[in-house]
Amino acid sequence: MKKQLPVWLGFALALVFLPSIFDSVLGISILNQMTIWIIFALSYNMLLGQGGMLSFGHAVYFGLGGFMSVHALNLIADEVLVFSITLIPLVGGAVGLVAAIFIGSFSTRKSGTVFAMISLGIGELIVASSLIFADFFGGEAGVTGDRTYGPPFFGIEFLQDAEVYYLGAFWLFVATLFMYLFTQTPAGRMANAVRDNPERAEFIGYSTRRVRFISFCAAGLFAGIAGGLFAINYEFITEENLNALTSGRVLLMAYIGGLGFFIGPIVGAVILTLMNSLLSNYSEMWMLYLGIMFLLTVIFLPRGFAGFIMMHQIAWQNRRLGTLILPYFVTAVPALVFLAAFVGLVELSHKGDDILPFFGLSLGAESMLSWGILLALAGIGALGVKLSRPRLAAAWALANTPTADDRGDVR
Amino acid sequence: MSLLTLDSVCKSFGSTRIINDVSLDIEAGEKHAIIGPNGAGKSTLFHLISGRYNVSSGAIGFKGEVIHNLPPYEIARRGLARSFQVTNIFPRMSVFENIRCALLWSEGYRYSFWQLLGRQRTLNEKALDVLEQIGLSDKAQLPSGELAYAQQRALELGIAVASGAELIMLDEPVAGMSNSEAENAVALIRRITEGKTLIMVEHDMNIVFDIADRISVLVYGEIIATDTPQNIRSNARVQEAYLGEVPSDA
Amino acid sequence: MFEVFVFATLNGLVTGLLLFMLASGLTLIFSMMGVLNFAHASFYMLGAYFAFTLSAYLGFWGGLLFAPLIVGCIGAAVERYGLRRVHQSGHVAELVFTFGLAFLIEEAVQFFWGRDTKNYQSPELFDFALFTLFGQEFSAYRGFMIAIACLIFGALYFVLTRSRVGIIIQASISHPQTVANLGHNVPLIFMCVFGVGTALAGVAGVIAGPVLTTFPGMATVLGSIVFVVVVIGGLGSLPGALIASLLVGLLQSYAIAADVGMPELLHLLSLSFDSSHPLNDLWTLNLPQIAPVLPYLLLVLVLIFKPTGLMGNREQ
């Protein structure tokens, strides 16, 4: 743990100073979103990446925690309850935990596909129930609250988004720390063992069901905390935050980031939040791009972006990482050209009569020249990638072969 | 009182009877080998004792307690450990973690989610000890899935033994090994089962005759003989069922 | 009452058979390849959209003929270039891939066809009432749907049990390795089965499009129900999928038709609650309201008490 102190310090410092770098309204808003989704994605990975349990209904704990938190906000505003809203995530966490204990008591009896299907069924059940029990769930309109009516926290009334950010960052740090520490405990390690080999885990004295149940409850707890933060941030929650789409989104984040690494979901949450917020400003088609990117990641980067980075570990150990820079560059340029052309083609198809600004050119959907340019660029890009790949492959192989060091030994 | 008793144990899958009326008593400290032709039901017998399968009829007792039909983890907690014919480790975890996990229950950690493993001195030292015993100290941080086959078998052994179980069941521990690897493995088995009770399924007769105090011969789900190695060697029924496997020198 | 029952049964039958058309393809794919195709309903949607576009040039029948073919080809391509690669990364990767595929197809449909609901009409040929019972009409088109569904199942059954291809497929379901060792091109078989499975979904889309409306959300609406059906019936069991499809279709149909609920139950027990009671939502609950929930309730119950499904035989 001592070796990791600088990492945690760096994390804390980054959290403190990020809003100074990205101080626009959009920037703070994106950072706020990230605090929520990082906790949520990390909680999901307790199930999937660390426990080997694929769930399609994790948003239930997030949503239930969020709903209870919004109600708590309202109770605070009505002065029925009196406590600082900084503690709201704990309310969310408690609800998430209770729900997970209840649902986990029967759903963790099974594993694999059956478990996944139960989670899907429960998720749909709860979403459907949310439309029926309109008093608690607010029907289709959802529930709104106000975070500014609570007792001030050292003078802060959380009117500003930036103030909310620091609250979120605090909970992000605490939640991440505890989720990480969990992985270093007997329960956390046995979760890994059960993931790897449930049968053998039983033969060394552990009930796989019990181990999974504990992971499940812990994951529900932290998802609820994320839900609480969501409530504070948006002051509004609907049944959409419980549904399969939200569950799918967090699955995507964990997967794209890399299931096998603790920081994987952090990477995934950051990437997807950025894409969600930034791309949607620039293009109507951003969901299409997201879908394509997702599929490509699943096919070509099964270990996620974190996995991609970790793939370079051997090259790093061999001190040959530098030899890869040029080949990557040579392949990246045509790849980017292809990407730009592809995006241009997609955008142009939807421009109708409008002009598409493309790197200084003005392209129109009517003009054959415009299409021709884009197709040519796409072709050149694709060809460039194809031609440069062998060189990249060779450089990769070389970088990964063990080196002989000064003493003549092979590492 | 025997450490492990099997009393008229039968096991059928559907209408096929795999284990037929097996009775056996294993004494504490004994080194007992189970031999028999392929398909005789040796692995099934192991599965019955270790809790992977339920018995169709009969009883299995360990240290005076009934253990048949208990789940595997209950049996393991009572001091019975086993290894597998097909390597059954935790491939994505490091070698060290594999052993440490095997130690967790017997060291009393249960399902604790409040104790940090890095701080548990005694536990970590014990794990390192076991690693040294099985000769994998220098591979401690490697993901166990990346070990060579023989090393994985050694780890397999280590996991079975780490918890300090009194009864250790090894299912074809040297399967697939070269002669030199097998020699090392046998020396290892001797070392780590000193003072403990061992039941071993094995095909290699040299090893069997080397290690075993007593041998049971399982054929078509029935034990046709249980005796000392000498007597087994000269047993006519055994010779008939197991032709050609017995070494000719004494 | 009786006419309500009859029509509810008929409607439930139509829904159930439609569900089975989707569930059968899904079951085939799962049996063969162990992949739960999350994007299965998306191919159903593609079938409807392609048929809509084709029917403008070739009429409804042209759409019925060619749309499933196109969808099947797309399915085969997805298997060949996408799924096959992902297969080596494990079951979770496959599930995630099909999940992303479903998402992508929905976006692509909106990209190519727009977000509005399409005016996909059933052919005028069937614009009459097949019969009139107790004053209510049963449209001929629904009768046509039932007929097509039964025709397809008959063909499927015949192919799977009587033809050589069918025997090979059945063998590949349980012993793909052995079948490969016998010299059959198992990857090709997989690709064809995936193609046929998705084409089946496409057919369902072609004939259901006019009735269930053709719009970008049609895959999501049906998608999870199909899964529920397949799991209730037992993963990998075609007869199970049939029973479960009919069960779910009829159950929902009866629930919607029966206008009873908690108020009637409470009345029976001589209880009543004020409308300001905190659980008022529960006391005013009626069957049509919970009809959408019933399949999921059934799913959870089945999974708890019989995890392999009603007729399942594969222990996961």
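A, B and C are the chain letters, set down in written order, and residue numbers restart from 1 in every chain.
Keep this in mind: a residue touches a chain if its C-beta (ideal position, glycine included) is under 8 Å from a C-beta of that chain, and two chains touch if they have at least 3 such contacts.
Please read all numbers here as calculations on a predicted model, not as lab measurements.
Undergrad: Determine the shape of the graph in which chains are vertices and touching pairs are edges (line, ring, star, complete, other).
TA: line
Undergrad: Could you name the chain whose Cα mean is nearest to the mean of all protein Cα atoms here?
TA: Smallest centre-to-centre distance to the global C-alpha mean: chain A.
Undergrad: Quick check: how many Å separate the C-alpha centres of chain A and chain B?
TA: Centre-to-centre distance between chain A and chain B: 44 Å.
Undergrad: Measure off the straight-line distance from the CA centroid of chain A to the CA centroid of chain C, and report it in whole Å.
TA: The separation of the two C-alpha centroids amounts to 31 Å.
Undergrad: Using the average of all C-alpha atoms in each chain as its centre, how far is it in Å between chain B and chain C?
TA: A distance of 49 Å separates the two centres.
Undergrad: What positions in chain A touch 2 or more of the other chains?
TA: none
Undergrad: Where on chain B does chain A make contact in their complex?
TA: Chain B residues touching chain A: 50-52, 71-73, 76-77, 81-82, 84, 88-93, 97, 100-102, 104-106, 109-118, 159, 163.
Undergrad: What part of chain A is in contact with chain C in the complex they form?
TA: 48, 54, 106, 109-114, 116-118, 120-122, 124-125, 128-129, 132-135, 244, 248, 251-252, 255, 259, 285, 287-288, 290-292, 294-295, 298-299, 302, 346, 349-350
Undergrad: Please give the residue numbers of chain C that touch chain A in the complex, ascending.
TA: Touching chain A from chain C are residues 36, 82, 85-86, 89, 91-93, 95-97, 99-101, 103-104, 107-108, 111, 224, 227-228, 231, 235, 278, 280-282, 285, 289-290, 292-293, 296-297, 299-300, 303-304, 307, 316.
Undergrad: Show which residues of chain A lie in contact with chain B when the two form their complex.
TA: Spelled out, the residues of chain A in touch with chain B are 1, 181-182, 184-190, 192-193, 195-197, 199-207, 210-211, 214, 218, 260.
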